[in-house]
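Once you scroll down, you'll see the structures, which are given as C-alpha cells.
Paired with chain B in one complex and with chain C in the other, chain A is shared by the two complexes that follow.
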Partner chain A sequence: MSAEDTLVRPAPRGKDAAQAMPGGRAAYLVGALCMVIIAIMIAPLLVSVAASFKTTAEAAAIPPTWFPHVLSLDSYERLWSYQDGLPTYLFNSAGTAVLTILICLGLTIPAGYALARFPIPGKELLFVFLLLALIIPYQALLTPLFFMFAELRLTNTLAGLAIIHTAIQIPFSIYIMRNSFEAVPRELEEAAVIDGCSSWQVLLRIYLPAIRPAIVTVALFAFITSWNEFLAALVIMNKGSIFTLPLVLAAARQETSIGGTDWGMLQSGITIAIIPCVLFYVLLQKYYVSGFLSGAVK
Partner chain B sequence: MYASRRARLTGLLYLAPALLFVLVFTAWPMVQMAWMSLHSWSIIEPPKWVGLANYLRAWNDRQFWTSLGFTLEYTAWITPVLIVTGYLLALLVVPNTPLRKLTRAVVFVPVVIGLGVSSLLWYWLFSYDFGLVNRALVDLGVVAKPVVWFGEDANRAMWAVITSIVWKVVGFGMLLFVAAMQSIPQEVNEAAMVDGASYWQRVRRITLPLTARTVLLVTLFSIIGSLLAFDQFYLMTAGQPFNKTATSVFWIYLNSFPYLKLGYGAALSLVLAVIILLMTVAQMALARKTHA
Partner chain C sequence: MRFKAYLRAMALGVATSAVMTLTVPAFADDLIMWERSGGNAGMVDRLIEMWNEKNPDRRIQLTYIPHAEMVAKLAQAIASGDVPDLMGLDLIYGPQFEAAGQLVDITDYFKDDPTLKTASPGHMMVATYDDRLYGVPLYADVSALFYNKDLFEKAGLDPDKPPTSLAEVRAYADKITALGGDVKGYFLPGSCAGCNIFTVGPLMWASGATIEPNADGEPLVGDGVKQVLQWARDMIKAGNVHDDARAENGETFHLRFGSGKVGMMGTGNFNITLARDQNPDMNFGIALLPGVEPGSAASFIGGDLVTIPKGSKRVDDAVDFMKFLLSDEVQVEGYAKLLNLTTRSDMTDNQYFEAEPLVQDVAKALSVGRTPYTLTFFEQINSPQGPWLQMLQRAYYTDDDLDEIIAGAQDQMKAIAAQE
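Right, the complex of A and B next:
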C-alpha cells in the first residue's frame, strides 16, 4: 500500500517528466528543428546575396548555380551606373526616410507632450482624431492624395512621398509618444517649473532626455516604413530620376540585358536595400520588439 | 483660472501641428474620396457629377468581382497557414534558451525587410529558368522539368506568393504568440504537470485557451494585411494570367493611376475601405480586451 502510494504519487513523476525534456531525446529534436528553421529562413537571403557576387555570365546561367564559382563585383558596377545611377536612388530613398523621420518626430513629440501634460478641452476626442489613419488604409487614400499632390505640385518630390509615409506612421508614433510622456514622473517637471522654466524649456531639458527610447522607436519605424514602402512611391513618382530604391529595382526587373532580366544586378540592388534594415534590426532589436508589441495592441 | 487657460492654449499650440497634418493629409482626403467617387474625375478634364454611376459600374464590372474574389481567396488560404505556422514556431521557441532565442531572432529578420524587395527576391527564386526553387525541385527529382510558377495558372501563382509571404511575415505572429505564451503564469503549467498532463494536453487545455485573444488578434492582422495585398502580386505575378491574380488594391491602382479614372478608383477605394473598417473595428475591440 505504501509502496504503491509512492509509486503513483503524481508530484515527483510530473517533475521528472519535465526535467527529462531538456536532457533527453526531445532536446535533440528541438535543437535539430531550430537549426532546420534557421536554415530555411536564412537560405533565401543567403542565396540572393551570394548571387549578387556572381560574374555576369554566371548570373545568367541556366540552370542557376547555387553559389558563385568566382566572386565578382560586376553586378554592383552595373547597378552603380544603372540609368540615373545608384547614388541618385540611394539619395532619394535615404532623403525620403530622413524627411519622414524629421516630420514624424517634429509633429509627434509636441503632440505627445500636449496630450500627456496639458489640460486640453476634448483631449480624448482629439487623440482619437489623430489616430484617424488607423481606420482607413492608406492604400485607399492614394487616389485623393494623388489628385491633391498633383494640384499642390507635390508629385515627383521627396517631400511629397515623405508626407504620405508620415501619414502612415502618425497613429503609431502618437501612441508611443503619449505613453512615454505619461510615464515620466511629474516631480521632475514640477521642480523645473519652480526653477522658472517655461513649458518649452521643460520639454527640451526634462522630457527629451527622458523619452529617448520613444524617439528611437518612432525614428526606427519611420525609417523602416519609408525605406521599404512601395505603392505610394509607385503612385506619386513617375520620373526615373526621382525613383526610390524599390521603384528602380522593380523597373530593373523588366529591364533586359542579354535577352532577359539582369538578375545579377537585381540581386545586388536587393542586397543593398536589405542592408540598413538588417543592420538596424541587429543594433536596435529591443526597440523593434517593444515597438511591434505595443503597435499590435494599440 | 488665468494659468489654466494659458495652459490649455499652450497645450493646443503643441498639438496644433499634428492636428493640422492629420486634417490635411488624412481627414480631408477621406472626404475628397467620397466626393470624387460621385464624379467622373480625371486630371485632364473638369470633374462631372455622375451620382452613383461609379458604384453601379463597379457592380457590373467583371474585373472588380474577379479581383475581390481572388483577394478573398488569397486571404482565406494564407491566414490559417500563417496562424498555424506562427503558433507552432512560437511553441517551439517560447522557452528562453540561447538556441531558441537565436531562432526567434532569425525568424523575425524577414519582417524588417521591405515587402517590395522580398517580392523581387522571390520572383527570382520562383523564376522558370533562373530560379533556385525549380533547380532544387529538379535536382531532388520532385518534378521532371521546371515549373512555370507565374503567368500560367492562377492557383499555382497564388501558392508561390503565399510561400513568399509566409516566409516574410510569419515572424510577426510568432513574436506576438511568444509574448502571450510567456505571460501565462508558470504555476498554471506546473500544476498541470503535477497532474500528469502531457505536453500536447497542456497546449490544448492551457496554452491555447489562454492565448486565444492573441490568436484572434493575429488572425485579424493577417486578414486586413491580405485584403490590402498589392506589392507581392504587382511584382511577382503582375496580375497574370488574364488579371486573375490582380487583387483589389491592384485593380484600384490600375484604374486610378495608369488609366486616370480617379472617380471610379475613388469609388472602388471607398468600397474597400468600408470592408477594412469592419475588420479594424473588430480588431480594436479585441485589442482593448486583450490589453485590459
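Right, the complex of A and C next:
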C-alpha cells in the first residue's frame, strides 16, 4: 500500500460539482482508466490468493491453472504445522511489530514535541541530523549492530529485533511528528499554560488528542516495516522458535536440494501475511489520510 | 564500559517487561542444530525426532536456515561466538568450511569406528581435509535416469530395457517425442547450474571426462565433455526437449518428470516420492545415467553433511548424534523406512528396500557415484553466472564451435581456481 492510493481528491460539491461534470465523458474515461489501473494492481494479489487454495499438485502444475479446480486447504495445513507451527511465527511477528510501534511512539512523540515547541539551541541542525539516517541504508549497519546486540544479549529476542525495526523507522516518524506538532495552533498551548498546565500536561491534554492522525500514521508505517522486514530478522535470529513470518516463508518454501518451490505453501503464507497489513490499513485509513495531510500542509 | 552500560540501561528501560515476556529461552540442556532449508526436510525431521525420543535429557532443537543465506549466517555466527552445536550443510561446501578452519576436527572421536568404513564415499571425501575428518553423512541425494514406462510402451519400447548409452537415449527419445502431443523424449534444464551438474555432469563422467580441476589443475578434461555437449545440442535441435526448458532455473525442475510429459530425464532419488504424489497413476522406472560407451554409468552423490562448527560447547553430545546417525538401527528404521538412501552401503539389504524396487535401483547409483572436490564449487559450477552454466547454455542454444566453448570455460575455471 503506498501513499498514492490514499491521495484521492475529495468529491467536488455544489457549484464545483456541476462544473466538473459537463457531459461526463471525461469522467467516464478517467473512471475506466482507474478501473484498469486497479485491475493491474490487484491481479497479482488475486492470483496469489487463488493459488493458495489449490491442491498441492495443482499449485505446482505446468502450465499453471488460473483458478483452483478444487478448493483445498492443503497448503494452509502444511504451513500451519511447519516446524514450530504458524501460530508461533505469527506471535513473533505480531509481538515484534507491537513492540516496534510502542518504542517508536515512545521516542518520537517527545522528540517531535521538543523539536517543534521548545527553544533548543541548534534544533534545525539537530533535526536534519536525525533525518540523515534516512540516507544510510540500514543494511550497512547490520554487522556492527549484530555484534553490539550479541554483547548486550539482545540477539534471539523479539525486543532486540523491535529495536532495529524502530531504528529503521525513526527518521521518518520524527519528521511526521514534528510537522504535526507544528501544525497545532500555538494559541491552544498558551491557553493551557495560562490555565496552569505544565509541559507534560500540555503534551498529554492538548497535543496528544490533536496529533492523533500523526500517531496513527507512524504506527501504521512502523507496523508495515516491522511485519515485512527480512534481513535484520535473518541476521539476529538464530533459533527457529523465534523466527518471524518472512524468515519462515523464505525457509519453508524450498523443496529439493537443487531448488524448487512449494508454490502452494508460499502463496498461503503470502496470503496470511497480507491480511494484517490490509486490516490495519483499512481500519486506520481515515486517520491516516488526515495525518498525511497535516504533515504536508502547515 | 560506560557507553555499554548506558546502552544497556537504555535498551532495558525501553523494553524491560517486553524482554521478560517475549524471549523464549531454550532449555539449557538442548543442543541447537541448524540445517539448510531446501534439503531433505522430511528425512532430517525424522532423524531428530528419533534422537529426541532416545535422549530426552539432551534433545536437539532444529532450525532451518534459508538455503541461500547459510554460508553468510554461519560465518557471522562463528565470528560472534553464538554458534549452533550441530550444522547440516550441503556437502559440496564442506571443503570450503574445512579449509577455513571453521569446523571441529572429529578424527579422534571416530578412530576405531567401524561404521565409517562403509559410509558413502562421496560424503567422506568432502568431509575430509588434510587427512582430518570434519563431518559424517546426514543424508544422500544421488542422480539417476528416471524413465516413464507408460510412454515407453506407447512408443513401442520395452519398459524393462532402459537405455544404457547416450546413443540409445537419443534413439529412444526420438521415438517418444514422435508420440506428439505435449510429450517430449528428454529434459535438459537450460538455466540451472545445479540441476546440470547433478544430471548432465554424470553423463560426462560416465564418458570418461572430469569437470572440476583435476590434480594438475586442469578442468574439463577428456573427450567426454565435447561428446556430451554435442549430444545435448543435437537432442535439443531434434525437438526432444520442451521449449520452456530453456528458462528452467531449478524452480520447477523437480516437477518435470512427475508431469508425465517427459520420457526420460536425469533427476534425483527425491523425485520418487514427489512423482508419486504428483502423478499416482504413472508407471516409471529408474536406471543409471549412461555415458557414450554402452554399459558405462555415473552419478552425482549430493546431499548433506552434519558437522560441528568451531565454538560449539557440546562437542561430545554432537559426536554422539553423529554416531547415532550411522548406527544400524537408524540406517534401517530411519533412512530406509522413509525410502531414503542409507548412508552406509552395507545397510541396503533391508525389509523396506526389498518392498520398494525403485529405491534399490536408485541405490545402485551410489556405487558409481562421485562428488566434485573443490574449494570454489559455487564460483566454478553452481553460480548462475559461472563458467559451467555459460558453457552449457552456449552448447545448448547456439551454433558456436564446441572446442572454442570448452576452451573458454576452461580458462574461466582456471582463473577462478587461481584466485583461491
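Throughout what follows, the second predicted complex is superposed on the first by the 225 of 298 C-alpha atoms of A that agree within 3 Å, B and C clash if a C-alpha of one lies under 4 Å from a C-alpha of the other, contacts with A are read in each partner's own complex, and residues count from 1 in each chain.
As a convention for this text, contacts are C-beta pairs under 8 Å (C-beta built on N, C-alpha and C of every residue); 3 or more make two chains touch, one makes a residue touch a chain.
Values in this document were obtained by computation on a predicted structure and should not be read as measured data.
Participant: Check whether A:L134 is in contact with chain B, with chain C, with both or with neither, and answer first, second, both or neither.
Facilitator: first
Participant: What is the contact status of A:G95 with respect to chain B (first) and chain C (second): first, second, both, or neither?
Facilitator: In the superposition, A:G95 contacts chain C only.
Participant: Between chain B (first) and chain C (second), which does A:I163 come into contact with in this model arrangement: first, second, both, or neither?
Facilitator: After superposition on chain A, A:I163 lies in contact with both partners, chain B and chain C.
Participant: Check the residue A:I242 against both partner chains and state whether it touches chain B (first), chain C (second), both, or neither.
Facilitator: Once the two structures are laid over each other on A, A:I242 reaches chain C alone.
Participant: Using the touch definition from the top, say if A:P213 reaches chain B (first), chain C (second), both or neither.
Facilitator: Neither partner.
Participant: State whether A:A250 touches chain B only (first), chain C only (second), both chains, or neither.
Facilitator: In the superposed model, A:A250 contacts both chain B and chain C.
Participant: Who does A:T155 touch here: chain B (first), chain C (second), both, or neither?
Facilitator: It touches chain C, and chain B stays clear.
Participant: With both complexes superposed on chain A, which partner does A:A60 reach: first (chain B), second (chain C), both or neither?
Facilitator: So A:A60 meets both chain B and chain C here.
Participant: Looking at chain A, does chain B or chain C touch a larger number of its residues?
Facilitator: Answer, by number of touched residues of chain A: B.
Participant: Which holds for A:F146: it touches chain B only (first), chain C only (second), both, or neither?
Facilitator: The answer is both, since A:F146 touches chain B and chain C.
Participant: On chain A, which stretch or stretches are contacted by chain B in one complex as well as by chain C in the other?
Facilitator: 60-62, 103, 106-107, 143, 146-148, 150, 163, 234-235, 250, 253, 260-261.
Participant: Using the touch rule from the top, collect the residues of chain C that touch chain A in their complex.
Facilitator: 4, 7-8, 11, 14-15, 18-19, 22-24, 26, 32, 34, 37-40, 61-67, 69, 73, 76-77, 79-82, 84, 90, 141, 192, 194-195, 198, 244, 249-256, 259, 268, 270-271, 274, 277-279, 302-304
Participant: Which residues, counting only chain A, touch chain B once they are in their complex?
Facilitator: 10-11, 13-15, 17-18, 21, 30-31, 33-35, 37-38, 40-42, 44-45, 47-48, 51, 60-64, 66, 103, 106-108, 110-111, 113-115, 117-121, 126, 129-130, 132-137, 139-148, 150, 163-164, 166-167, 170, 174, 199, 224, 227-231, 234-235, 246, 249-250, 253, 260-261, 263, 266-267, 270, 273-274, 277-278, 280-281, 285, 288-289, 292-293, 296-298
Participant: Could you list, by residue number, the parts of chain A that touch chain C in their complex?
Facilitator: 56-57, 60-62, 83, 95, 99, 102-103, 106-107, 143, 146-148, 150-152, 154-159, 162-163, 234-235, 238-243, 247, 250-261
Participant: State the interface residues of chain B toward chain A in the complex, per the touch definition above.
Facilitator: The contact residues of chain B facing chain A are 4, 7-8, 10-15, 17-19, 21-22, 25-30, 32-33, 36, 41, 43, 89, 92-93, 99-100, 102-103, 105-117, 120-125, 127, 129-132, 134-135, 138, 167, 172, 175-176, 179, 193-196, 199, 217, 221, 224, 228, 230-231, 234-235, 249, 252-253, 256-257, 262, 265-266, 269-270, 272-273, 276-277, 280-281, 284, 287, 290-291.
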